[in-house]
Structure formats: C-alpha cells, structure tokens
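There are structures below to look over.
There are two complexes below, and they share chain A, which is joined by chain B in the first and by chain C in the second.
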Partner chain A sequence: MSTINAQNYGDGTDSVPASAVLQGTAKAWVNFNGTGTVAIRESFNVASLTDLGTGRYSFSRSNAFSNSNYSSTFGVIRQDNSSTESSGNMSFQSLSSYQASSMRVSVYDNDTNAYRDAVMVNVVSSGDLA
Partner chain B sequence: MTIDYTQYKLWEREMIFKDQHKNLPQGNYAILWEDPADPDAPAKVTRPSPTWLAMAMHGGILPPVEVYWALREDEERDGFIRHTRGHLLHETPPVPAMTEEEAMEYLVMKDLPPRIWRDYKGNRSILKIVSVELVPTDRVHRNAWKIKQEAA
Partner chain C sequence: MSTIAVDNARPSAGGTSYSLTSGVAKARAVINMKTASLLESENITSITDEGAGYFTHSFTDNMNTSSYSFVGAGKFDTSNVNAEVPTIGLRRTSAANSTSSYAISSITTDTAAANDCEYVSSIVVGDLA
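After this line comes the complex of A and B, so read on.
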C-alpha cells in the first residue's frame, strides 16, 4: 500500500493543510476561561471574546458563517479540579443573539437559579462559512 | 518558506497559520466598554483570541476592517437571509502587519457597535483599551462594574 504525502489538500477551489484532513476540524470552536479576567485558551475562527457580566459571554468570528442557521454544541466545567462539579446542573441560555458573525452564550446554574462564571466553556459550531 | 496567504480563503489562512504557530501567548490588552443603549448593564471586557491577535500582528492575513463593516451592514438589514458578499473576506487585499495596539484598535472597530466608538457624544468615558493587569480579577459585584471616570 502506498502513501500520498502532501502539505495541503484541495479541490482546485478550496484547500486545507494536511492536518485539517488528518485531524479533522470544525468550522469554528473555542475553549475559554470565563472566570477572573476572561481569556480564550485556544480557538479556531474566533476573533474575540467579550465578558458581558457574570456567566454571560459573546464572541465574534474571524470568518462569518453564511447565515445564522449554523449548529452549535456546548460544554462547561464550573470549577478547577472538581470532578463533582463538572457540568452538573448547568445549562446554556439566552442564545437570542445567534448571528452569522457572532454569538452569545450564557452559563446558568440551575441549583442557584443564577448566572454563573465557569472555568471552562467550550463551544463548537458547524455550518457553511461566508 | 514564506506563505502567500492571499491565495487562500480567510478561514483557510487561519487553519494554515494555526498549523504553523503553536502555543501563542495571550495579548497584553483588553477593551473595556459600556453600551449607552443599555446604561444599566455592567461594563464589558473584550479580549482577542491569541490566534487572531497573532494573525493581525503577522500581517497579510486579515482583510481591512471595512470588509467587516460591509458584512455587518448586510447582517443587520431587515430580511437578511444569508451573506452574499462573503467573497470580500477572501478577495480583498489583506492589511499589513499591525502592532498590538493597532490590532486592538482594529478589533474595537470590528467587534464593538459603532455607537460605542464612533457615534457616542456623551461625557462619560465608555471605551478604554487597557493593560490586562488593570482589569479586576475579583468578580465580586461583577454585574455592577463601571469604567472608572477620570477626575475632572
């Protein structure tokens, strides 16, 4: 069996580095710390993160989606080194600002019925890019 | 090897850039801002992603900020269904390398509403670019944060 070696793969119009094919990728993703001074740990196709208040965040795209009908999934860890508190009774709310070039997420603690900062928030989005 | 990013779409450029640059540092600055359209809301804190900031400082990757204004205008139009000018992101000649301070100013104009950085005529300071160290890390009373006004 032979192996094709190439740095980039393309179809004549679009191309991606080999790592995108071999490792796979979403159209946009972000892992950020929502406590203290908020900070993006790592991301793809996310330009900035905005701390809107306790447990509420928005982020913008580098490359907008073609419309606001893209799909996103979320995950959250509330505190460092706390397996008992991971995700737990948390939910995401207030996705009203779900736009092609930005989106807003809120972390809500159903135990205390209040927004709550989370040490790790993960959002992965798929859809057609503009 | 020098990569000519202009031959790639914007999202491809980021993918290639990420592939070539690992463990990028956090930026040194944050944008503090208040929204005059929502005076009771707390001050907001905006920070760039390390990848975006590194691309801005690298140059030859990001489109001029006017491209984002064009897309924002389309998105805010009644009846917006989908972007038809997305090609501007990929085909407009990219901007050259910026300093970190210039990148933060670009980010203000890209991601904050124009009513914050262009149209506001009030007396309060509602927008500041500050060193990250000046942003409180203690989030007690986070929902009451306001930008400290300079003494008259």
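After this line comes the complex of A and C, so read on.
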C-alpha cells in the first residue's frame, strides 16, 4: 500500500489542508430500511443493524471511532410521497448509547407522540477512527 | 487533468485506514426554498420547486445506485433567531431514490404543514456512477 504525504491537496485552482481531507471525510454512513425486517441498503463502515422495536435502531461500526465525540447527522423518510409524512423527527436515543463502536437512533412521530418506523433512515458520521 | 488513484487513507501519525472515496461527500447544496435559489453547491446542476417545502436537487454526475445516503438541516427564517425550528426530512415518491436526483421536504413541526425554509443544507455520500 502506498502513502501520499502532502500538506495540501489541490486541483490547480483551489487547495485545502490535508487535515481537512482526513478529518472532513465521513468515516461512516448508512442508508437503511426501518420498516418490517430492517435492512441496510448501502453503507460504509457499518457492520450490522439491529431492530430495537418500533422506530428504534442500533448499528455497529466495522472500525470504531477513536472516542464517542464524533459528529453525526441524519435524515429520515417516514412514509413515501407525502407532504406531511415525508419529514420525520429523529434523534440519538441516549448519550450512553452513542459509543465509539456503535450508536442508537430513534424516529419519532410528533403528531402521535410515539415512536414510528421509517421507510428510509440515513446517518452520516465524521470524526477520527481509532 | 491528473487523477490520483487511491483506495485508503489514514493520518501520518497512524490509525485506522479508511476508504477515502467512500467517505468523501459526492454532492452538497444550500438552497433558499422561498426564492427557489441554489445558494452554493457541488455536483448539483439544478433545483426544482415541487411545491411548498418540497424541492428536488438534480445531480450533475449521477450516483451509481439509488441507495446512497443523504442528510439535511434547515431554518425557516434566517433573520429571526426565534423562528420556529422546522422538521427537515428527506422525500421520495416511490420505493427508491433516483440516481439522478434527491428531494428534501420541510414542515412546520407543530402543525405538520409543508412550509418553505429560507435555508436548507444537504449532503450526499455514496458512490458516483
């Protein structure tokens, strides 16, 4: 395996520090079906997905982060082709479950004040790997 | 133009190597739904106003499958710090995303009514075609 050592990366017009590439690149992401038998559609650095009940899921990393302070964002589709049901409320399930090697997320329906399964759940995480 | 062909990357100080191409965002956009404006973007050729709080983003270079991951966040009123926080969601009209576009939907959290946001940012990761 070869290693490219450089302080900056550029295309001839713009350049960024190598640290921006290494630290700014997503280290894990997933797109999964959260209804019925939950299943990962496509992912990077996600080893497994577990259904924890209605609207609650956990997944583990293939390679763990260096600590539990990495950054994650998410997006969710609760139901297809609906102006009001496309959007969904989503959160991390708890601070204690936000770990270097795994995390839990919840999808919530504010209208009914209940957890709810979603047809698509996307999570993107950035930070340093162990 | 030269191309660097590389599978993995890691800090020079050590650590786990990871797929650089898998982790790099393949598209990003910041849009104003109220004015239907694409404020800044990468690999987005155009946006389409599909109705209140509902915009489609078209890729310049398509994704290779419809299972890519995308996330978004937004704000109704950028000049009012006390403006209500919207619920930003993803949207699709069928059982799969399109490889050539993705859609964002925003609603007023309390009423669940579709509503345009002044600022919506989104990021797409996955593999290009």
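By our rule, the second predicted complex is superposed on the first by the 94 of 130 C-alpha atoms of A that agree within 3 Å, B and C clash if a C-alpha of one lies under 4 Å from a C-alpha of the other, contacts with A are read in each partner's own complex, and residues count from 1 in each chain.
Heads up, the rule we're going with is that a residue touches a chain if its C-beta (ideal position, glycine included) is under 8 Å from a C-beta of that chain, and two chains touch if they have at least 3 such contacts.
Everything numeric in this text was worked out from a predicted model, so none of it was measured.
Asker: Examine A:Ala47 and indicate which partner it touches, taking first as chain B and second as chain C; both and neither are also allowed.
Answerer: In the superposition, A:Ala47 contacts chain B only.
Asker: Given the touch rule stated above, what does A:Ile77 touch, chain B (first), chain C (second), both, or neither?
Answerer: In the superposed model, A:Ile77 contacts chain C only, not chain B.
Asker: Touching A:Asn122, do we find chain B (first), chain C (second), both, or neither?
Answerer: After superposition on chain A, A:Asn122 lies in contact with chain C alone.
Asker: Of the partners chain B and chain C, which touch A:Ala114 in the superposed model: first, second, both, neither?
Answerer: neither
Asker: Would you check which partner chain A:Ile4 touches, where first means chain B only, second means chain C only, and both and neither mean what they say?
Answerer: Only chain C; A:Ile4 stays clear of chain B.
Asker: Looking at A:Thr37, would you say it contacts chain B, chain C, both, or neither? Reply first, second, both or neither.
Answerer: Touch partner of A:Thr37: chain B, not chain C.
Asker: Touching A:Asp14, do we find chain B (first), chain C (second), both, or neither?
Answerer: First partner only.
Asker: With both complexes superposed on chain A, which partner does A:Trp29 reach: first (chain B), second (chain C), both or neither?
Answerer: Second partner only.
Asker: So chain A touches chain B in one structure and chain C in the other; where do those two contact lists coincide?
Answerer: Correct list for chain A: 25, 27, 30, 42-45, 63, 66, 129-130.
Asker: Touching chain A in the complex: which residues of chain B?
Answerer: 8-12, 14-16, 18-19, 26, 30, 41-42, 44-52, 55, 62, 68, 71-72, 75, 81-83, 85-86, 89, 107, 110-111, 132, 135-137, 139, 142-143, 145
Asker: Inside the complex, what are the residues of chain A that reach chain C?
Answerer: Within the complex, chain A contacts chain C at residues 1-5, 11-12, 21-22, 25-27, 29-31, 41-45, 63, 66, 73-78, 80-81, 83-84, 86-89, 110-111, 119-120, 122-124, 128-130.
Asker: Which residues of chain A touch chain B in the complex?
Answerer: 8, 14-17, 19-20, 25, 27, 30, 35-40, 42-54, 60, 62-64, 66-67, 99-102, 117, 129-130
Asker: Flag every residue of chain C that touches chain A in the complex, lowest number first.
Answerer: The contact residues of chain C facing chain A are 1, 4, 6-12, 15-20, 22-25, 51-54, 65, 67-73, 87-95, 97, 105-107, 109, 112-114, 122-123, 125-126.
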